[in-house]
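For clarity, chains are labelled A, B, C and D in written order, and residue numbers in each chain start from 1.
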Amino acid sequence: MVTKHEIQKLIPLASRKNAGEDSVIQIKNLAIGKSPIIIAGPCAVESEKQMECIASFLHDHSVPILRGGAFKPRTSPYSFQGLQEEGLKILKKVSNKYNLITVSEAVDESSLELVANYCDIIQIGTRNMFNYQLLKKLGGYSNPILLKRGMSATIEEFLTAAEYIMASGNKNVVLCERGIRTFETYTRNTMDLNAVAAIRELTHLPIIVDPSHGTGRKSLVLPLSKAAIAVGGQGIMVEVHNNPSEALSDGAQSLDLSSFKNLLLELKT
Amino acid sequence: MVTKHEIQKLIPLASRKNAGEDSVIQIKNLAIGKSPIIIAGPCAVESEKQMECIASFLHDHSVPILRGGAFKPRTSPYSFQGLQEEGLKILKKVSNKYNLITVSEAVDESSLELVANYCDIIQIGTRNMFNYQLLKKLGGYSNPILLKRGMSATIEEFLTAAEYIMASGNKNVVLCERGIRTFETYTRNTMDLNAVAAIRELTHLPIIVDPSHGTGRKSLVLPLSKAAIAVGGQGIMVEVHNNPSEALSDGAQSLDLSSFKNLLLELKT
Amino acid sequence: MVTKHEIQKLIPLASRKNAGEDSVIQIKNLAIGKSPIIIAGPCAVESEKQMECIASFLHDHSVPILRGGAFKPRTSPYSFQGLQEEGLKILKKVSNKYNLITVSEAVDESSLELVANYCDIIQIGTRNMFNYQLLKKLGGYSNPILLKRGMSATIEEFLTAAEYIMASGNKNVVLCERGIRTFETYTRNTMDLNAVAAIRELTHLPIIVDPSHGTGRKSLVLPLSKAAIAVGGQGIMVEVHNNPSEALSDGAQSLDLSSFKNLLLELKT
Amino acid sequence: MVTKHEIQKLIPLASRKNAGEDSVIQIKNLAIGKSPIIIAGPCAVESEKQMECIASFLHDHSVPILRGGAFKPRTSPYSFQGLQEEGLKILKKVSNKYNLITVSEAVDESSLELVANYCDIIQIGTRNMFNYQLLKKLGGYSNPILLKRGMSATIEEFLTAAEYIMASGNKNVVLCERGIRTFETYTRNTMDLNAVAAIRELTHLPIIVDPSHGTGRKSLVLPLSKAAIAVGGQGIMVEVHNNPSEALSDGAQSLDLSSFKNLLLELKT
């Protein structure tokens, strides 16, 4: 087994050893790294109507951050690849109306430029965690970064990816555990909450959890959200859709608005 | 992905579909399957002095179940294999004195006979989850069974193993998630809390969690214990030793008495 | 990464370091550990007619060893569990008629006694590689042992399992790599030919390969058989059935007689 | 298990179903996809002296393709990241002198431009297999592409990544199996030769094998090279260094010139 010291040596900027206190990342009037935060929204921005519906719901229920993908890295080149800049414009418009913070994924240099302009937080997805060239470019932006764990990245590799971003000049990194690949076939991935607890020890960076990708089954999102907070995660990111059965992607793991409302209630208790 | 229905078809006795309510397994005045229970004790019974010290601590802190291995399946044939019947006698003696329920592992037909006589609960360990011949023999005993998940067993296989026990005539099965094998090397195993939530849906049997083997690091035992309860686990099993640095096995993941006391306090809040 | 020395320290009897030359295991006039050998036959003995048909084919094509399971460890307690002693009698009868060496799996103490009496080689299957109590009992028999790798056993654990058998008094151990569990879903398992090459370095024991379980697809059996020999494997074990589409188990990975004949031809060239 | 048909539906351009014959990719007077080819060279271009020494050796032993990384995606941002354009110039110079075909890795749009100019073949490494934006840009180049499998990519995902490249307009894709991530710790990765055989069935594209990364141990490179050819691989890529103990990366898995000479001899017999 790798030791705590061996990992911390590799990450002078991200290591808790050299920082002590938890990092808190401030976005407008929201602090990530203190009390648990919630990010919600659809896998992909599909239409203004869809986003209006979801954003209005988030606003009414005091969920501060709206997610929505405009650039979608899909397994097949022939699948829907996202609305791109059009999607970002929709995200911007509805978030302005409902006073929400936004997060969306960048997949290369040009989408990075666009996402940084239209959104508050730049997401780096699981398929690009090892894309070190993209990570190095994040130093040119002041937006906070939401870095998702690679689907088979070790904890060590996840943290050195964060170090790449910090070393490039952007210290506002929020980590996101989203499940790893294992032999199990009942769930889409295996949520690694060990990693969340380990990362709280190893680094001062905030870490949130994505139980939607982590399980791939909507019925498991609520219990894993509770576990994510209990283990020390500083927030969750949940896929929510106004009509999951017609979602262009990830329908099976997306909560409808009523289930999401129930999740919010259950997390409060 | 395997469907819920496909798994439930394989497990007529264990399936929630055919039962509805959660099973509750009564042992003396303790009910497993209602409010979360705690099992604690050393990996291996090493001496009466050790067990006396730990048992007295459990009694003083109202922990109802004492664990301790007498038959240890070790990777090397040349490692300490457990005190065997002598260990069971010690377990019996101290549990009588302190009014504790006991659990210990059986590894074959002859140890099964002994464990059933000396202990309340018979544990089947991760290395024997696929030992269907052993599982079939459990029908001959009325002791409740604690069945640990195989280190690379799928959820489906874990539940069909429980079905083997139930089909043999013993319906009192408590499942135990103890981490699965993945590529991660910072932790000994990867705790699969997805599986706990999934199993609560699929079956009526109680399921507890072993964060000691699931993480392999004592500093991760507390956060994962909290997560285990939050996700719906009906108890935890924790390795506790009066002197972990001199434990004959699993020292790196065993809590000392003071850390264990802290865990008990934290779980109450 | 574990070092060669660390593993070899754990296996004084199995280690190449303490032996030098490859072990050769003699069964009647066949030597395992020299030129590659072939074991073939159905997953399960189903009837005398079936075994007669396959045995006669092996005899006509100079395949020396007939396999056939009489005690089948099946995932579901309600699946066909094998013909048991009746199956062993059939195996014995047809092997006598066609002058074949036989191998069949033992799953506990009582089946061990029977397999040892009726068959030449005792197989320990993947589900029992960690069943150390069963391994310890093999010292009481002079039959060679075919030890299959556990589905998620490390190379180190595979070799310490062999050491258990040798330490119990039976030195005639043949190892069998049969694929490990990974995230891949196109194949049933992932054949680990790295392990075969590594084991040739680490130990003096012969190792053969099972491409039927290792791939789970009949079309992959031939290329993986060639690879198994090329990498240094000292034989292969192939599932062959006179009528795979009606096989009681493992039909999808069983070769019919004509494909098996083709495999024999291809391996010769 | 995923079916052959399900995968082939996703890859109209790469599927064997729609092509029949094996693709052969011609580079100068070398054909990839016919008799097995060998690619050799260091992990990283370190100096002209180093490359001169290795290139001269390849020339003398009729190895047609020289590899050498100029842009190195390293786990730590503080590790040696490659000589970049300077490295490509060295590669060009020595390959011209010794009449070798060259391959080097591109990691983003700007390195892609450079690699395409200086080298014959553009390599996409394991960390960028899921970098679909980079894959889409390959349509703008006529150089053949060497696409390495992602460290935890399924066979399906590996082939859809190739489809991304083909759909972008570049049909000259050579696949490279380089081992996948598993629980095994004795080897760096687990070579998946099942995948090579499966891919030969599923697609018409050539596939080669990298036993250096696939095993991580120099002593295993020779046996796995033999297996790679036996299973149907159309070539191997081997890390070779004139002084492995002083290599700036991957020393433990690099062959010295004498061991590489031995490998060439052994592969011929």
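Here is the rule we go by: a contact is a pair of C-beta atoms (placed from the backbone, for glycine too) under 8 Å apart; a residue touches a chain by one contact, two chains touch by 3 or more.
Nothing here was measured: the structure is a model prediction, and the numbers come from that model.
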| request: Show which chains lie in contact with subunit C and also with subunit D. | output: A, B
| What's the rotation, in steps of 5°, that superposes subunit A's Cα atoms on subunit B? | 180
| Measuring from the mean C-alpha position of subunit A to the mean C-alpha position of subunit B, what distance in angstrom results? | 34
| note | Here the gap between subunit B and subunit D, centre to centre from mean Cα coordinates and rounded to Å, is 47
| Approximate Å spacing (C-alpha centroids) for the pair subunit B, subunit C | 33
| said: Quick check: what residues of subunit A touch more than one other chain, meaning two or more? | reply: 152, 156, 181-183, 185
| request: Provide the residue numbers of subunit B that touch subunit D in the complex, in ascending order. | output: 152, 181-183, 185
| subunit C-touching residues of subunit D, taken from the complex the two chains share | 1-2, 7, 152, 154-156, 179-180, 182-188, 190-198, 200-201, 214-217, 219-220, 223-224, 226-232
| task | Please give the residue numbers of subunit D that touch subunit A in the complex, ascending. | result | 10, 73-78, 107-109, 111, 127-128, 130-134, 136, 151-152, 156-157, 160, 163-164, 167-168, 181
